[in-house]
Each structure stands twice: as C-alpha cells, then as structure tokens.
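Quick one: structure below, then a few questions.
Per-chain residue numbering starts at 1, and chain names A, B, C and D are given in the order in which the chains are listed.
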Amino acid sequence: MVNIVEKVIKEVEPLEDAVLIEGLPGIGHVGRIVAEHIIHEFNGEKVLELYCDDFPPQVLVNEDGTVEFMNNSIYIIKEPIPIIVVTGNTQALTPMGQYQTSKRLTELGIKYGAKVVYTIGGFGIGNLKENPAVYVAATSKELANKIKGHGAVFRGDGGGILGAAGLMLTFSKLNGIDGACIMGETPGYLIDPKSAGRVLEVLSKILGIEINMDEIEKRAKEMEMFLEKIKSFEKSQEQKQAMPRDDDLRYIG
Amino acid sequence: MVNIVEKVIKEVEPLEDAVLIEGLPGIGHVGRIVAEHIIHEFNGEKVLELYCDDFPPQVLVNEDGTVEFMNNSIYIIKEPIPIIVVTGNTQALTPMGQYQTSKRLTELGIKYGAKVVYTIGGFGIGNLKENPAVYVAATSKELANKIKGHGAVFRGDGGGILGAAGLMLTFSKLNGIDGACIMGETPGYLIDPKSAGRVLEVLSKILGIEINMDEIEKRAKEMEMFLEKIKSFEKSQEQKQAMPRDDDLRYIG
Amino acid sequence: MVNIVEKVIKEVEPLEDAVLIEGLPGIGHVGRIVAEHIIHEFNGEKVLELYCDDFPPQVLVNEDGTVEFMNNSIYIIKEPIPIIVVTGNTQALTPMGQYQTSKRLTELGIKYGAKVVYTIGGFGIGNLKENPAVYVAATSKELANKIKGHGAVFRGDGGGILGAAGLMLTFSKLNGIDGACIMGETPGYLIDPKSAGRVLEVLSKILGIEINMDEIEKRAKEMEMFLEKIKSFEKSQEQKQAMPRDDDLRYIG
Amino acid sequence: MVNIVEKVIKEVEPLEDAVLIEGLPGIGHVGRIVAEHIIHEFNGEKVLELYCDDFPPQVLVNEDGTVEFMNNSIYIIKEPIPIIVVTGNTQALTPMGQYQTSKRLTELGIKYGAKVVYTIGGFGIGNLKENPAVYVAATSKELANKIKGHGAVFRGDGGGILGAAGLMLTFSKLNGIDGACIMGETPGYLIDPKSAGRVLEVLSKILGIEINMDEIEKRAKEMEMFLEKIKSFEKSQEQKQAMPRDDDLRYIG
C-alpha cells in the first residue's frame, strides 16, 4: 500500500457531464504536451495536487533557486465544455504505485464530474514519420468505433498500454464509466509536439470543440527545424569523409 | 500489503464437495491451456474477476480496438461434477503479490465449495520429448500416491514449484484441505498443448470424468506440424551449406 | 507491511529464564546446522510455524511426492536448560520482510520466555581454514567480553551482520534484552558442519551445558574426506597434464 | 507502508522558533559531517532514535565487540540558538522508505519546535576543486535569495536533489514551513570535510552564530595532505616510467 497525500488547492463544485483527459509524462511526452496545451488554451484552474511516496524520491532544482516537487495535479476547465485535466511531472515507480495513483486519480476525476475518460499516450515506433498516425483503444467497442470515425486507427500489434494511460481505463471500467486511450505515433527518443498536435486534432473532433493549435504548431516547426539542422550536419560529415583529405593526398602523388 | 479488488460477475450458491483447478499463465502455458479447455468443454460460468495492484501495470490491446484488463477469474462448472476453475491472463509480479493473490484465490475457491485443490503447471526441461511425462507433488503422501496410481510420477530433482501453482498448495494446507500440483513436462520455450493434453488425461482419471480431447489434440497436431516445418527448413539450410555454392566454384578451377 | 501467518502447533506455557538460539539459512548454513543439531540432541518440540509473504514464492518438492512449505519454526527445549530455537528453510527476500520477520520472531521468543538472544551465522572468508575461528558481536560490552572469555574473538573488519542474525539483535535491544551474534569462520561456498561444530563448542561453554558432538563431527569428517577426494583428483589431473600423453607421443618419434 | 519505530531517549519540551538541520549520509558525506560537527560544537543532546524496516537489513560490527544499529537520530541544541539536528548512519533503501522517513523526520522536527528546515547535501562534480562552491535551492524565492546573500549560488543544471535532503523540503512545504537545501561542491568519490567546512561557513551566516571550525579545518587539512601524498606518489611513478630502468639499459649498449 503506497501513501497518497492530496493537497486541495481550491474547493470547487463538481462539473456536470465532464470529460477527463489524462496526460502524464511518458513516451515522447505526447500525453503531457496535450494536457498542458489544453490547460493553457482553456485557462485550466488547478484544484488539487497529489503526492505519492512511490514517486521518484527527489525534488527538481529550478534556475531561480527554487525547487519543484514531484506531483500530479488536477485542473478544471468550464468552457467551452467541462473538462478535468490530469497532468504532472512524474508517474509512480512501481506497479503498485502505478495502480494506486491511477485508481485514485480516476476516482478523483469522477468526483469532479467525469463521465468519460480519455488517456493520452505516445506509441513509440523507433523512427520519425512524415505523417504520424493516431491510434485508439477503448473499454467498449462502441467508443472505439466512435473515435475511429474521427480519424484514429486500431493497433494490430497485440501489445499493451503501460502506466496511467492504461490503468486509468481499468479503473474507469471498474467504476462504471467508459474510457479510451488515444496514442500518437512517435519515435520515442525525442519530445514530440508534432505527434501531440495530431492527437489534439482527433481530440478536437471527439470533444466537438475547436482547439487553437498555433502554439503546438510553432513547437512542432521548431522541432522539425532542429531535426533538419542535425540531418544537414550529418550529411556534410558524410561528404567530408567521402572526399580525399589533404593528408590523404600527400601519399598519392 | 497489496490491494486486491474483487468484482462479482454473478452471485451463486457454493458448490457441494467441489474440486478447484488452477491454471494461470506459466511455463509452456500448460496450466492456462488445461484450465481454459475445461472451462470450454464443461461450459464454465464466470462468477468473479480479481484485480491486484501487483499485476503488470498495463492493459492489453485487442485488434478490434478494445482493451483487455489484467486479471484472474473464477469459473464454476456444475456437471459432470462440481468444479471451480481459476485462470487469467497474468500472475502477480512480486513475491508478496504472488502470496497474497494465491491466498485470496484459495480462500475464494473454498468459499465456492472446494474440498481439494489441483494446481496445474509446466515442468520445463529445455527440450522436446516424444512422450512428455506428467509429475505430481502433493500436500499429503496419500494424495500423492493416489495420483501416482493414475499415471503421474514423482520428481526427484529437489527443485521447487513457483507461483500460484506452488503457493495455492501452501494456502490449501493452511486452510485445512489437501492439494496437489500436476505438472506436464514441456520444453519451456513454446506454448505446449501436447503437454497440456497429457495432464488432462491424468486429470480425467483423478476426477473420474471423461474429457473430450479433440480440441487439444488438434492444437497439439498443429504445433507438431509447425515444428516439423521448422526442422525440415533447418535441414535444407544445412544441406545448402554442405554443398559448394556457385561463387565458391569460381575459385576452384 | 508484509503479511505474517502464525500457525500454532502446540500450546505451551512460557519457559523460565530461557535462551533463544536463532539459526536460519545463511553463509555456510552454519546457523541452520547449529540450530538443527541442538533441536536433535535435546529433543526440541515444534510449537509454532511462521509463514510470510516475503518468503520465496514457491514450495519445495520432496522425493516421496510431497511438498515442503517455505517457513520458519520455533522449537522449545526444557532440559538440560530452557532453550527456544528459531530455524527454518528460508529467510525473507526484501529488507522490509527481513525486518518484520526478525521483529516478530524476537517478540515470539520473548513471549516463550527468552531473556537473552544468541543468533548464529557464518562469517565468509572465501577460503578453507584448518582452524576456523569463532567471532562474537553483542548488544553490550559485558556480553561481548563474557563470550570472548569462552573462546570467541572480536571482528576488526568494520563490516556488518546481515539478515535475521543481525536484526534479531536490534529487536532484542529494542525489547530490553541483550543479544549476541556468534559467527563461525567459513569459506562461504560450501555447507560447513566443521565451522558449525566450533560454534557449538563455544555455545556449550556459554550455556554451561554439554552438547554431544558425534553427529556434527561425523558430518565434518565426511566433508573433509569429500574435499580430500577433490584435491587428490585435481592433483592427478595436474600430473596428467604435466606428463606426455600417449597421443602426444605419437608425434615425437 | 513501511514500519517506523521511534525510541524516545529523553522527554523534552519543544524548542521555541527553532531551526532544523538535516545531515544524513550522502554524496561526500557532506551533510553528515556538518550535522555531527554542529552536534559536537554545541553539545547536542540525543532525544529520539528512529528505526525503519526499509533501512539496510543489518547491524554494523564495532572493533570492541559491540554492534551498531542502523538508525536516524534527533538531537536538540538550546544555545546559542535553538537547533534540532537530524543525523544517522543510513537512509532508507526504497523510494517509499525515503518518502516515509523524510515525512516522519520533518513532522518530528516541527513537533520539537522547527520553524524552518535546512537540509545539507553534497553536490557531486566528479573532480576536486580548490574552492568548492556552496549551492542553495529553497521552497521559496525569498529564502533562496536570502541564502544567496550569504554566499551560496543557484544551480543551473536542472537536476534533482535526492533522498532526505530533497524530500524533507517537500514535507516542510506540505506542513506549511519553508526550507532550503544547502549543497557543498564535492568530487563525490571521497568523504569531504573541506566541502562541509564551506557549507558550515554559509550556515554560520544564515543562522547568525559563530561556529568554531578548528576540528573541520583539521580534518580538511588531513584530507589534503593525504591527497598530496597520493599525487606525489603518482608523479614519482610517472617519472620512473619515463626514465630508462636498469634492465632496459642492458639492451642499449
């Protein structure tokens, strides 16, 4: 049994018929980018911090001399539709901690009014794709098909969904509500705003709301420019190696 | 202390003088194949799902877009004799989780009417055998001898029986009933319906019931044909290497 | 928090002014051999079995088709002096399990009448010694010196005493009684009845009782004869390699 | 949930407006040296020992035949200002143990009168520096800036502070008081009284008290002389290798 401490930041009434969106750190940080973008675009308000003794036993150091605590947070959004967002800077370290934080976060989300849960994750494929796909897997055939209708596809790999993105679906079902995991294809070795953008496009259709994508697109472009630079640098290195070097020429003639 | 969640699927009266059969994933998946075969042949009815926060922290993805939760289940069978079957898609990850789920599953089995426990496992030997043996180890000399009379033999290796197949015997004894582990010899590196078939033959004699083996025999034949193909492929590869190749000949003459 | 199950084998009155001797599996199995020898020589009676969900998650298989459960046991001896013996076939796997079983075993020992605790261990030195020393480390300077007077010496390595042999001293002190760990020098890579015999000699002086050593000396001689055989075999192998072999000679002349 | 045992050594009234200083074993043992120096210089009195079943499962052996238990201790100092010192010979082994001991030690410190927490640590940089810096990271911008004014600098590495030195800040904040971690730059591969001395200089300014540094400076000098010896030994070895050796000369001429 892990110990969970909940610090209420603001007392609020439960939302009506709300959607819960989970985006914690994971592959490509797709979930966390999506969650933070939604909080930013719709002025999410932090209502609760959750601390767990199975989080990494540390604090992080900021440049201004302050420390950042390891925790998960719950934000609420009222407009354009009621949304509860779960995000944070970490996930629990052991299976038991992952189960118990996922259980508690789902229960808290339901307490705040959630009637459906969308968990967001990255689906690591090991390489960069021009058009990353968006996958879905849900607790019911109906919800899976509905989200497929909005541009997501089914995974045929028979694999799993690890951590909160998977387990919050288990606890949604055990608490009587449906849930789906929406996964953006991502290399896995870099933080991927482009993949997050694709997930946000699908999410926008599912929720029936417009989501301003300027910030995400800007970050995605910065990432692509950075990758372009690396590629052209690598290319120039290859050309150098293909050409004879001065000190090679000495031995020719 | 791990957290166990029990979801009752159907309320039922305890069976009278029932046999508990445990078959969870393990070596060669012998136990799980046996359990699922018995559930299928005798129309087992699921009465309970058990979730544990020491199971792998994930959900599995199905091809139809739905997810499968990690859990263990209890099925009951009334005819030809009262049987309680424990199966599932996982076992707990840590010793503590294995002890506590085994304890709870045994207690639940006894609550459903079990008077004796048969756990099923694979006994990994590292290679394929034409006639895999069936081993037995029991909580009493009498039960061990009785099952020996039905074609099982004793292991002389002084080793152990890991996981639920071993620990449910510990908790049978601590709860005042006897139990035995029936193990099918298996290579260990493949899912083995043939070994499961041998265990089912012994089990059929112990329980005094006929068990239709068509499905298991079909799966065992498919496995053998698959292994044959691999063998003949490997043989053809060896022959190729033994013969001079075109590009070798160039240097001969 | 680990789960501990206690199965009372026989209800008994607490002993008066008893000595607790702990000998669980460890380096060279010195502790376990000492504990089992004392139980055997003085007709120890088993009064309690302790099961813990941090023990190895398995049962052991006996040659006669029965299984052996992983547990620790408490035996009581009334003559020549009141002794409580703690032994078993395993120790807990994690620090938490080791602390909690050591705590419980010490408390149970005190409940059965223990006024002082002697834990027995092996002190691994990596090689075989003609005359293995016996070391002592105690919860008080007085007890350490008293045992030194009976032939044990102090360790100067600044190292630790791991597992129950160490932690039962911690819990003796926290429960207000003294304790000492008596360690027999042992190679560490074999089960060592000779080292156990030396510890028994010291223990016999501490307790002021005679302990028949025939069985231990027989086992120690068997071990030495076995080691002699290995040595002479190795020597003969070396000689063979030094001498020209038949098939070497073929190429000489 | 780990089990924590608290042994009260002396009943005392809470101090008024006290400072808590934590120095447990860690990188370069900077924290522990600082804590022990303060206890020694201001005649700290031990009031409580804390035992935890997530500490290393062992006892340590002293040269005089006694054993040392793994624990953390709380000392109180009344003059020149009220100080509560937390030190010990170990930290918990798992994240859960680290969280729960840090939580309990912070709560105990507050119970004894702490209004602010200073945790002391080493900041490992992998090499020896003539003038090791002192870093600070705090739970508030104000406290960080105040300590900066006393000679500490901010870290710009974006890294973390592990163990009690980090987590006691988390639990300070959750309990409504501020805290700061003061870190001495240290190679990381040796026990470093010099770095501890620099931290003590900053701490003396923060607390507004004089701290006699003779003992620390003596130990720092011993360390430097030891390092000098190693250096000159290494230098002499290099010279030997650069010079022709007798047996080399034989082949020259």
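Rule of thumb we're sticking to: contacts are C-beta pairs under 8 Å (C-beta built on N, C-alpha and C of every residue); 3 or more make two chains touch, one makes a residue touch a chain.
Just so it is clear, the model here is predicted, and its values are computed rather than measured.
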Open item on the list: As a test of understanding: of all chains, whose mean C-alpha position lies farthest from that of subunit C?
Closed with: A
Task: Fitted rotation between subunit A and its twin subunit B in degrees, CA, nearest 5 - done: 90
- [ ] Could you label the subunit B-subunit C interface same or different, taking same to mean over half of its residue numbers are used by both chains?
- [x] different
TODO: Express in whole angstrom the distance between the two chain centres, defined as the mean CA positions of subunit B and subunit C.
DONE: 38
Open item on the list: Centroid from C-alpha atoms only, then distance subunit B to subunit D, rounded to Å. What do you get?
Closed with: 53
Task: Residues of subunit B whose C-beta touches two or more other chains - done: 1
- [ ] With chains as vertices and touches as edges, which is it: line, ring, star, complete or other?
- [x] ring
- [ ] Can you check the complex and tell me which residues of subunit D touch subunit C?
- [x] 1-3, 5, 7, 51, 53-67, 69-70, 93-94, 97
Task: Residues of subunit B defined as touching subunit C within the complex - done: 1, 95-96, 98-100, 102-103, 136-141, 144-145, 148, 154-163, 166-167, 169-170, 173-174, 181
